[in-house]
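Chains here go by letter, A, B, C and D, matching the order in which they are written, and residues are numbered from 1 within each.
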Amino acid sequence: MFETPITVVGRVITDLRRRTVGNQEVISFRMASNSRRRGADGTWEAGNTLYITVNCWGKLVTGVGAALGKGRAVIAVGHVYTSEYDDSNGVHRSSLEMRATSVGPDLSQTLVQIIEQAPAATKEPATGPEEPEAEQEPGAAKEALPLSA
Amino acid sequence: MFETPITVVGRVITDLRRRTVGNQEVISFRMASNSRRRGADGTWEAGNTLYITVNCWGKLVTGVGAALGKGRAVIAVGHVYTSEYDDSNGVHRSSLEMRATSVGPDLSQTLVQIIEQAPAATKEPATGPEEPEAEQEPGAAKEALPLSA
Amino acid sequence: MFETPITVVGRVITDLRRRTVGNQEVISFRMASNSRRRGADGTWEAGNTLYITVNCWGKLVTGVGAALGKGRAVIAVGHVYTSEYDDSNGVHRSSLEMRATSVGPDLSQTLVQIIEQAPAATKEPATGPEEPEAEQEPGAAKEALPLSA
Amino acid sequence: MFETPITVVGRVITDLRRRTVGNQEVISFRMASNSRRRGADGTWEAGNTLYITVNCWGKLVTGVGAALGKGRAVIAVGHVYTSEYDDSNGVHRSSLEMRATSVGPDLSQTLVQIIEQAPAATKEPATGPEEPEAEQEPGAAKEALPLSA
C-alpha cells in the first residue's frame, strides 16, 4: 500500500531471463514504452521512452514463461523502485525495476488463445509474503545487468 | 493527459457486449476487482470490491473479442469517468466507466498462446481522434445498463 | 498491494464532513475531475467528469481539516472501491469511494504557505491497521449520502 | 494519453533548481519515496526506495517555487520517462524523470495555509502544447545531473 504503483504498456525488448533466488523462481525482462502526445496541430508526436526491468515472481512465472518473449506487446502492472549497484567497471549505477503483480499481452496489438485459467478460488497475490526481497541483494542487482538493452 | 488514469485487475463478470456507435464497433463488459489487504496479524483479509464497465474501441475490439469472456482474469488499463443517466424507472443513476487503452489476460491466473501480433510499425493508439465520444451520449449511457451485474 | 490505486486531480465540490467511526475521526468530501483531451485539430476539448467521495483517516485528518474546503483544487491519492447501499427510498445504489493515503492542494492552481511538517522519523501510513473498515458498514455507507453533489 | 502516468509520494531531497529553457521557466527537484510493506507477521517492513527527478513547467512554477523546498513531504503527479545522457566522464547513464502535471504538499505530514487560488475558469493544463520538450535536448539532460542525490 505504501509502494509506488505503476502500469507500463509497451514492448518486451530482451529475452526472458529465468533464475532461482533462494528457492523461488523469477523471470525478468526489459521493456520499453514509447510515448505519444498530440501536438498543438492535432498530430501525434513521438515523445520520450521509458525503460524498465520487470521482475515476475510466484504465480506469474508459469504464465509469463509460457507466453511472452522478445518483441511482445505487453502490459505490466506492479510496484516500481530504484535498484542501485556498481557495474563491472566500478561505476555506480541505478536502474528502474518493477516487482510485477500482473502481466498480460496487450490485446490492442495481439491475438491470443486462452488455454487454461486458475479457478477463482485459488486466487492469491502473485507476490506473497514468503518471497525473498531478492532485488535488495547486491548480487542479484548486479546479475540484472545483462538485461539492459 | 488530463484524464484520470486507472488500471484495474480482476475478473470479467458479464458476457461481452458488442454494439456499433456511429460507424465504430465497441465491446463493453463489466469487471470486478476484489481487494485484499494484510491485517495487523499478517494474514490477508478480503477488502472492498471495485465494479467498473470497460469500453473497448478501435484496435482493442478484435483482440478482446477473440480472447475474453465472462469469468476471465483480466487487466484493463485506461481512463475512468462517471456516466450519469436516468434508469427505466426515472431514477437518476451513475455508473463508473473506463475507456480502455490496453486490455490483456492476467498471466498470473491464465495460460495463453499468442497467435499473432501486429507489427510494431503499425502501433497506434487504441482510441484515436476519429472515434466518437459515444459515452457522452445519453442514449449510449442508457444502453450500458444491461451490463450491470 | 492488491487494492486498486488511483490518483484524482480536481476540485472539492462539497463542504468537508467530519464524523467519528468507533474511536477514529474521518473527514470525507466529494470531488470532481473534469477531463480534457486534445482533439484532431489540436484544440483542447472538455471530456467526461469523474466524481468520487474521498475518505481521509488517521494522520490526514489534521492536515486536510486545516487546509481544504469546498472549491479547493486538490490532489487525492489512495485506493478506490465501490460502496453499495439502499437509499432512503429503498433504491439500491452504488457510489465510488476512495480511502485516501495522501491528499494535497494542487500547486498548479494554488499558492500555499507551509506552517509545520511532521519530522520524517514519525512517518507512518496515513491509514494503518488499527483503523476500522468503516466504509464496509451499511450505516456508514448510508451516512455518506449527503456528500453527493 | 499514451504516456506512462505515475504518482510518487515522498520527500524532496534536493534544493529546487530553477532554469529557463527557451522562454519557459522550469523548476526541478529530486525526490525519494521509501516503500513499506506489511510482512507475514503483520509488522511494517522498510522496502525499496524510488528516486526520481520532477520537472515542473508552466502553471506549476509559481506554486511550487513559493511553497516547496528540500525536506518537504510531497505528492507529485505526472508522466514518467527515461532520460539518457553521457556524464562528464563519458559514461553513458540514464535517469528517471517526471514531467509533472500536479504537485502538492502531503497533508498527511504537513500543515499548510492556502493563500490564493486561481479561479476555476482559468484552469488550464500545467503543461501545455507550446512548452518545449526540453528534457529531450542532450544539454538539458546533462544539466540535470547536479540534482542527483
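As a convention for this text, a contact is a pair of C-beta atoms (placed from the backbone, for glycine too) under 8 Å apart; a residue touches a chain by one contact, two chains touch by 3 or more.
Source: prediction; values computed, not measured.
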| item | value |
| --- | --- |
| Farthest chain relative to chain A (centres taken as mean CA coordinates) | C |
| Chain A and chain C: spacing of chain centres that average the CA atoms, whole Å | 30 |
| Intercentroid distance (Cα basis), chain B paired with chain A, Å | 23 |
| Touching two or more other chains - residues of chain A | 1-3, 5, 7, 9, 36-40, 42, 79, 101, 125, 129 |
| Topology of the chain contact graph, where touching chains are joined (line, ring, star, complete, other) | complete |
| Complex contact set, residues of chain B against chain C | 1-9, 33, 35-40, 47-51, 79-83, 91, 93-97, 129-130, 133, 135-136 |
| Residues of chain C that touch chain D when the two form their complex | 1, 5, 7, 9, 11, 34, 36-38, 42, 44, 58-60, 62-64, 66-68, 71-75, 77, 101-118, 120, 123, 125-126, 129 |
| Contact set on chain D toward chain B in their complex | 1-3, 5, 38-43, 79, 101, 125, 127 |
